[in-house]
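Each remark here refers to the structure printed beneath this line.
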Amino acid sequence: MNKMKTEIRRLAVYSSGGDAPGMNAAIRAVVRTASYYDLHVFGIYRGYEGMIDGDIVRLDKGDVGNIIHRGGTILKTARSTRFRTPEGRKLAYEALVANDIDALIAIGGDGTFTGGKIFFEEYGIPVIGIPGTIDNDLFGTDYTIGFDTAVNTAIEAVDRIRDTADSHNRLFFVEVMGRDTGYIALNTGIGSGAGAILIPESSIDVETLIKHLEKTAKRQKLFSLIIVAEGNENGNAQKLASEIRDRFPDYDPKVTIIGHLQRGGAPSALDRLIASRMGFKAVEAIIEGHTNKMVGIQNNQMKLIPFEDAINKSKDIDKDLLRMAEILSL
Amino acid sequence: MNKMKTEIRRLAVYSSGGDAPGMNAAIRAVVRTASYYDLHVFGIYRGYEGMIDGDIVRLDKGDVGNIIHRGGTILKTARSTRFRTPEGRKLAYEALVANDIDALIAIGGDGTFTGGKIFFEEYGIPVIGIPGTIDNDLFGTDYTIGFDTAVNTAIEAVDRIRDTADSHNRLFFVEVMGRDTGYIALNTGIGSGAGAILIPESSIDVETLIKHLEKTAKRQKLFSLIIVAEGNENGNAQKLASEIRDRFPDYDPKVTIIGHLQRGGAPSALDRLIASRMGFKAVEAIIEGHTNKMVGIQNNQMKLIPFEDAINKSKDIDKDLLRMAEILSL
Amino acid sequence: MNKMKTEIRRLAVYSSGGDAPGMNAAIRAVVRTASYYDLHVFGIYRGYEGMIDGDIVRLDKGDVGNIIHRGGTILKTARSTRFRTPEGRKLAYEALVANDIDALIAIGGDGTFTGGKIFFEEYGIPVIGIPGTIDNDLFGTDYTIGFDTAVNTAIEAVDRIRDTADSHNRLFFVEVMGRDTGYIALNTGIGSGAGAILIPESSIDVETLIKHLEKTAKRQKLFSLIIVAEGNENGNAQKLASEIRDRFPDYDPKVTIIGHLQRGGAPSALDRLIASRMGFKAVEAIIEGHTNKMVGIQNNQMKLIPFEDAINKSKDIDKDLLRMAEILSL
Amino acid sequence: MNKMKTEIRRLAVYSSGGDAPGMNAAIRAVVRTASYYDLHVFGIYRGYEGMIDGDIVRLDKGDVGNIIHRGGTILKTARSTRFRTPEGRKLAYEALVANDIDALIAIGGDGTFTGGKIFFEEYGIPVIGIPGTIDNDLFGTDYTIGFDTAVNTAIEAVDRIRDTADSHNRLFFVEVMGRDTGYIALNTGIGSGAGAILIPESSIDVETLIKHLEKTAKRQKLFSLIIVAEGNENGNAQKLASEIRDRFPDYDPKVTIIGHLQRGGAPSALDRLIASRMGFKAVEAIIEGHTNKMVGIQNNQMKLIPFEDAINKSKDIDKDLLRMAEILSL
């Protein structure tokens, strides 16, 4: 059932959920690959919201000619509560029918794919997903679009803070994105040579942290950068800093919350490359009759992962990297 | 009395207060210019703290050979409570005497210059100040070292947020530094094409802000970036955002606090240029017998401004720029 | 005659000659300021070429809503040989009449202003110029739009080369733009702490250069960066490098030509600020009845400079800066 | 013989050949991991040259405390002709013995590993290699240190040129590094959405190129960016541009040679991560008794590859990527 051989003629692409740098490179690849295979391509604005509203336009090769380097998504994105209702999905289906759309390519995360899966089950319009989320938390793909850029942006921010931290011999908490997962924090921490990394997957209490800091302080490492994932169970950076201020008055930790900075900016080389490859592969998968699958990259090869796996299975953080990070920070 | 013709032979330079990008370019210029005029140059670590502790080293031309592009300050910086006491200053004087230092160049803000001024009055060691602070709030100079970099960093951050704001049609508050003055916020706001700029010098209430936003919203400008100086009297970005959430529930504003990011990073072209010119001029001023003066740049010319003016007079924000910013944001 | 009080109703803006980062900020300011004063605004594509071809579109406030941070010019630019002929200018005039355009704002350099001046003399359509050129070689303004960005881009490039130069103890020639003037090279050289700066205004022969390099080499400064303006009379970077290879075989100098990199990229804070101010001022000048004048910034104040001065008078390079650069490089 | 279980106590690390961003992150990881395992660590300056000269220093954890973000290599690098002679290697051996060094970690490319292999065969000092070269042309590893940064730097440069190319509707040739291999050019081309990519592995003649450009020109894509690897057999960018000027006078192509820019700059997130992992793994491999092997990363797992394979086997370019790049550029 996940492979069906009706011929595809008119394909629509949309981005949904949080935006991520590299989404435009994926849109470009979808449009150009589809054109190469003589499909008509459409763009749906604002994800499922725009689908419901019929906010759908024809996209030509030229329309994606100067976007590969731009952050954000030219199709905009939104979260849709209406699409969670049968009425919303009915309107969406009618809008697609009105435009003769016979296949979909959805760029987003698990919420996006869940929507596409239900929609296929109800209305039979095949859908292929492209993993676009800075969090890199989707099972079945080594990278999601936007992750590499987000980590580079965070590291660049920490590099700047390093200058001032070093000038002042100070303790800095830097909070990066990642509500449920520590991928961004872990890679930012390793890449910025942080003194410690606090992530949901590996909680560490304030005493341990202070003990660790004192160990490094002994050998003249006079400033410390602590990377905190926003979802860390010890509380976020602000809370941690105030706890340390209370109990270890010698430290006057400063806090920076990088926040939405990480979502923007020109996509990195890697994100442009994988986004291009994923967009290319998604169109080929649609043409070959696949549906309800996410394009993934594993060991540098393109794969198709069933939506149920991408949505339900969880990707574990690499414990060896965590251990290495700790050893290198000492 | 502010000009005294004892020959200077051994000069010490230090940075004090908050660090600012470009301080290293100033240190390099001081060392090289002093060497050119056959003076011996010393660096004092951690500002007045290091002066008290005698943390003083010889600096050679080669020591400053690869620092012009580095953020922070190789001499580190600190705030010193001890230097506010006569005992502290006595220790500092003894350390200088022990090293035969007969003149000082102080890089910092008004606190730094106040310290230097008192110290000269007590001990007669001539001191020339170089304005190094990202806030650009010193009277007598069009630019302080670090300001241009801080504004560029803030604008670059807002550019990134713009990508994601545009993808989501959202309202964003971005808080930049500037506890008492809105220079960074004003220039960041103009340079990033912000929807509104909230600064200490020109308070605007939440109703006015919302009215302004609705005016721009009418012409399809679906996202808005509001730049807030940390000292804004309506409260900081977090407070403003929550007030708006309470009273205008349709908006779900996001907040980013750029924070210490603005202090770090490689200095901009302009900061390297003025820092080089100021370091150069400061040494010439010392040699010519000046003391208790800050080097300033006015209309692209180097000037000497008495410390009492630099410290006590205030620099007004340019109301015309504020008006222009408002017109351009509509 | 350079001030005429017919009421302006329909204003057109165009960019011409080489593009420069910040031109979009100027276009944005022109459109928004004109809208504020209830003028209709038009954009002419590809400078005088588009004027001749009638390639003219209405610009609304929303059309310039997301461009302040983009390099290049949304109106594109071109050099026009046709506009140098009476026939070409006649066609241009007819196209303007067809669109009821009664005033022009021209963004570009001296060629652009010369065109505007002749055109006004022939057809009486008032024109105000905005200095947009990375070369900063226009009389009457401290800055031209794009200069600060070009210098920052060049310095950033040299910073990267510094990493590898330092790792290898090598001699590097870096060629920056500036066919007739050394402003970019001078500021790049000071800002990047170059070992020597070779510009048209101050020629230095290869022997002198080598002697200078040997002087710095003595104190362990093992690598050297030489900044060369493309117009340097000793030949460009390639030629200099090969001459040194021939006569001083111990050196194996490497060459980088930064080239068109310097024209692109997001405009710097300063360029966005002055471009905004210049666009704002240009519209006010047009409304007040001025014509044949260039907006300039002098000592942080907006000025109007007659085209003949901007075109014919020359701006001298600051010899004191050259001398300082040399002292600091030793 | 490639695994030998004498206990290692004093380890030396060096970088050799061309420098690459991320080498410092590898040095840091080597020093910290070795310290963690209670080894003494030494740094050898300027690769084999410094080994011969005995330019060897003790490295402590603190010595690598603020280097992870710096381009180049703090140990400097050089090419050594002396080490190719038995006399040179004998001197090197004596210097290592004088310092009681009993194992080596060599960061570099195939020349570096060849040197290490011969040296082990002659003197029995175990050596593990870390692949540090921007070219990514070593068999047995998906990534070499510096490649990701070099591609990001090149793409960023092309993004800037894109601004000006777009403003002028021009044809641009951009030459990137890669004397024998097209990896940098291929990834830069895909990531920057180039109109064509000319690499050693896939030659394309000027007629074909022009035909391709005309095809894209038809659909209003008015500017084109062509990425050229320096080793392309049609000649480098300058030669190609002049050939096109001769035979297709309508085009006036511009050329930028990115050159040594690509070697410098702060390393990317990915380069810092793999460099850290490789340094970590190299020390563990040395402790476990391995020698004459290069650390590689394959499918995100660390591997040990015999030097003879890393040196002699060749890594093929991915033809599917080439085909995709062509389809996406149309």
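Labels A, B, C and D are assigned to the chains in the order they are written; within every chain, residues are numbered from 1.
Note that contacts are C-beta pairs under 8 Å (C-beta built on N, C-alpha and C of every residue); 3 or more make two chains touch, one makes a residue touch a chain.
Quantities reported herein were computed from a predicted structural model and do not represent experimental measurements.
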| item | value |
| --- | --- |
| Most distant chain from chain D by Cα centroid | B |
| Averaged-CA centre spacing for the pair chain C and chain A, given as whole angstrom | 39 |
| Rounded Å distance, chain A centre to chain B centre (Cα mean) | 36 |
| Whole-Å gap separating chain B and chain C, where each centre is the average of the chain's CA atoms | 28 |
| Touching two or more other chains - residue numbers and ranges from chain C | 159, 162, 166 |
| Touching pairs among all chains present in the structure | A-B, A-D, B-C, C-D |
| Parts of chain D lying in touch with chain C, wherever the complex brings them together | 15, 19, 21, 70-73, 76-78, 153, 157, 159-169, 172, 254-261, 263-265 |
| Parts of chain A lying in touch with chain D, wherever the complex brings them together | 25, 28-29, 32-33, 35-36, 60-62, 65-66, 68-69, 142, 148, 151-152, 155-156, 159, 162, 166, 187-188, 190-193, 219-221, 266, 268-270, 272-273, 276-277, 280, 298-300, 321, 324, 327-328, 330 |
